[in-house]
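One structure below.
The chains carry the letters A, B, C and D, assigned in the order they are written, with residues numbered from 1 in each.
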Amino acid sequence: MTEPLRVTVWGENVHEREEEHVRAIYPEGMHAAIAAGLSATLGDRVAVRTAVLDEPEHGLPAPVLAETDVLTWWGHTAHDRVSDEVAARVHDAVLGGMGLLALHSAHYSKVFTRLMGTSCSLRWRNDGERELVWTVDPSHPIAEGVAQPIVIEAHEMYGEVFDIPPPDELVFISSFAGGEVFRGGCCYRRGAGRVFYFSPGDQDYPIYHHPEVQKVIANAALWAAPAPDAPRTVPGSPESPVGWYAA
Amino acid sequence: MTEPLRVTVWGENVHEREEEHVRAIYPEGMHAAIAAGLSATLGDRVAVRTAVLDEPEHGLPAPVLAETDVLTWWGHTAHDRVSDEVAARVHDAVLGGMGLLALHSAHYSKVFTRLMGTSCSLRWRNDGERELVWTVDPSHPIAEGVAQPIVIEAHEMYGEVFDIPPPDELVFISSFAGGEVFRGGCCYRRGAGRVFYFSPGDQDYPIYHHPEVQKVIANAALWAAPAPDAPRTVPGSPESPVGWYAA
Amino acid sequence: MTEPLRVTVWGENVHEREEEHVRAIYPEGMHAAIAAGLSATLGDRVAVRTAVLDEPEHGLPAPVLAETDVLTWWGHTAHDRVSDEVAARVHDAVLGGMGLLALHSAHYSKVFTRLMGTSCSLRWRNDGERELVWTVDPSHPIAEGVAQPIVIEAHEMYGEVFDIPPPDELVFISSFAGGEVFRGGCCYRRGAGRVFYFSPGDQDYPIYHHPEVQKVIANAALWAAPAPDAPRTVPGSPESPVGWYAA
Amino acid sequence: MTEPLRVTVWGENVHEREEEHVRAIYPEGMHAAIAAGLSATLGDRVAVRTAVLDEPEHGLPAPVLAETDVLTWWGHTAHDRVSDEVAARVHDAVLGGMGLLALHSAHYSKVFTRLMGTSCSLRWRNDGERELVWTVDPSHPIAEGVAQPIVIEAHEMYGEVFDIPPPDELVFISSFAGGEVFRGGCCYRRGAGRVFYFSPGDQDYPIYHHPEVQKVIANAALWAAPAPDAPRTVPGSPESPVGWYAA
């Protein structure tokens, strides 16, 4: 009997409280919708909890991270309100083996930019235009069972150049009605952790209710999970005498 | 004083002879247009010759390959008329260090598929729709000075999934008016050789007269060139006694 | 209840029959030892069968490949006795999603070289010297639970330059007592299939009885397996009218 | 007439002043030896200046970086004495296109770890043992004309696991007399900049006087240089109205 995957869904939870049209889409918060999608898709294969910015330590004290296999991150307007201490703690947790799913505007979050080492800048336009999410690696586990393409009727445009390191695995590329393209599904291995960036969805659109988007996030959670008995520590630099590896 | 880059432009040269509307676009053959673009862009930095399918050994006897730094390849309707012997010779030349630019429908050529090891299949539709060629790696030498995006008013659609190995460097992604995307600018290192696949241009459109396309091909020729004094041989598997590397 | 992984272990089975010292190590053939290691390590998670060169169609008729999730390949002295037809069939099966583990001297097999597109040449010396197999990607599933390093008391040296495409994932690097290094654990994604090259073990040494080597091969079989419901076909190039993806 | 490459050699310059045996090897500082090697190898193709920790702004005020094509970095005992402000400035300069050569113990420098996003930890042992530096990508420009292998009679061991992102291009792998291996020549593209990590040389050994090491550093400087007319700025995230790219 396998233990369920432990996912923590982190939400900034600002737009939903301050803007009525966002609250109308996500009355209990975007994090609640993401969590519900994971539970609906994975059933008892997953145990989901949520955490938000305004909780103490943003809801991410060390014990929570220690019991998290995969963390999803959505933030946008309050990246700078995430403390450097918590950002460093999450960064370390990823290097120690925790999976990270960076969603949409999390491209500019402290955690993601520190993992990438680049500016993570991009083009954008919020005109509610059609996005098509194309799988370019159909045998990748994150694309398993996903529609080709995912059709998102209305979304914010994110366009190239996306200033990220070359992805270790590129799974999805989006096109927009205005003609732009975007590498919107990118895998990275960093330390012992796996990182997946997925560009849908902006707070102004009901994208986390989209079943195909939910499928991708669920697949990505399974993909990003560490081995059950992985050590979950960041290695140091041990001095190693000759033959240290011999019995 | 640097020697000029020696480029051989290979053309299948069938559509141009058999179809009047292609001949109207390329009265001297597609290979002639590609060669002219290289000369116009690179001037005396390049020495261009051409070769076509119907010449003996398809115009590619061993001495020609030995004096070729970069070979461009355009074929479509007659891939199977390229002899296995010449395909193997070109393959070996690439592994020995010759650069290869595989253009458009060369995705299905013997040389390219043997270098890739995959089916190189793709979606397509010849509706003369707008293609935008987006640079995703703006500091790559092949993208130097290239418009963002390249606008091609009318072209055949090539769409994902493109069944290629993950590119070693991905430079361009195209979108089409119909919504599809395509990894149309892909770099590979194979043996001592560099390979660049570039998806424009179909024979039905005047794409090799497009100055931005000419710029990309010229940049790619410079990028794919071997070092001037590189050995140009495919290595064997030498038995190597202990300490063979000592003086 | 998950179905067991279906592994076919292919062996050339020439050295074992013709050379007494090899037969002493592998009395029932190298393929039998590899199969036994898989069964011992994975238990009822795996269903193993074997096939050898001298069987009709080398033991690999289409129905066998259709029922094979992962194929392991060991060959050395008789690569050219594998028919082009069977090599092409195996190549297609990999592109369609079957996993392939290419073992040791399989670097020069028809199947592996056609998948790679390069010469796959390397340095070698058969002096029975110590090899250390170092994990460089400790969170990779193929390295899970594997000793750091694997100590192989005596083996043939394989050394760089190994003329392969840049691995999509590099898991192991070996060193030899004579000072050479070798990228001996390399992952590739080709078509829908996953390919793992693993450089141990030469027929002159009891390497497939080594528990750590068995562990790597078992991990790699799990890693290379296609999704249970994957289509297992090589895609063609479908003409796709505008909006083909709409309902 | 091409302008010379502008290289700034940065040195921590602590060991050389405080430890007599290091001063004996590098009487004018390690930075002076690295600079001399570049000038000796590249002649008037390069214009070299040096900068050290104890200068104001560590010798790296904005105007110096603006006039630097490639920066080499050596630090070890005083990484934390580099101000966050200067580290951020150098990081930004790399993302804007300046090349960076991170040498030996610079693996733990603020600049390199921020570019990588990982711990950059490794095994080590300072026993003065033989290191062999093997080229695994012989057609890479950084390996051009370099001995196979480079023999370093005595050096500190750096061993795997080296906790770095998968290199975009892996050029060199070292072995040590004690049996360890190390990915000691790694290329990265980050933003518009190119980064090369090269593991030789520790301050206790005369490694920057070694002609083959000098050759590698010179090749790497040429490889890492931005295009002469590159913009040298880090992109922001521009809002882009529909059709912004049209004339």
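Criterion: a contact is a pair of C-beta atoms (placed from the backbone, for glycine too) under 8 Å apart; a residue touches a chain by one contact, two chains touch by 3 or more.
The model shown is predicted, which means the values in this text are computed figures rather than measured ones.
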Pair with more cross-chain C-beta pairs in contact, given A-D and A-B: A-D
Duplicate of the C-D contact set - from A-B, B-C or A-C, the pair where over half of the pairs recur: A-B
Centre-of-Cα separation between chain D and chain A, whole angstrom: 32
Distance between chain centroids, defined by C-alpha means - chain A, chain B (Å): 37
Multi-chain contact residues (two or more partners), chain A: 132, 137-138, 148-149, 159, 161, 166, 168-169, 179-180, 189, 191, 245
Footprint of chain C on chain B - complex, ascending: 91, 95, 108, 114-119, 121-125, 127, 129, 157, 159, 161, 163, 165-166, 168, 178-180, 188-191, 234-243, 245
Residues on chain B engaged by chain A in the complex (per definition of touch): 130, 132, 134-138, 148-149, 159-162, 166, 169-170, 173-177, 179-181, 183
Touching residues (chain side chain B, partner chain D) in the complex: 97, 132, 137-139, 141, 144, 148-149, 151, 168-169, 189, 191-194, 226-227, 230, 245-246
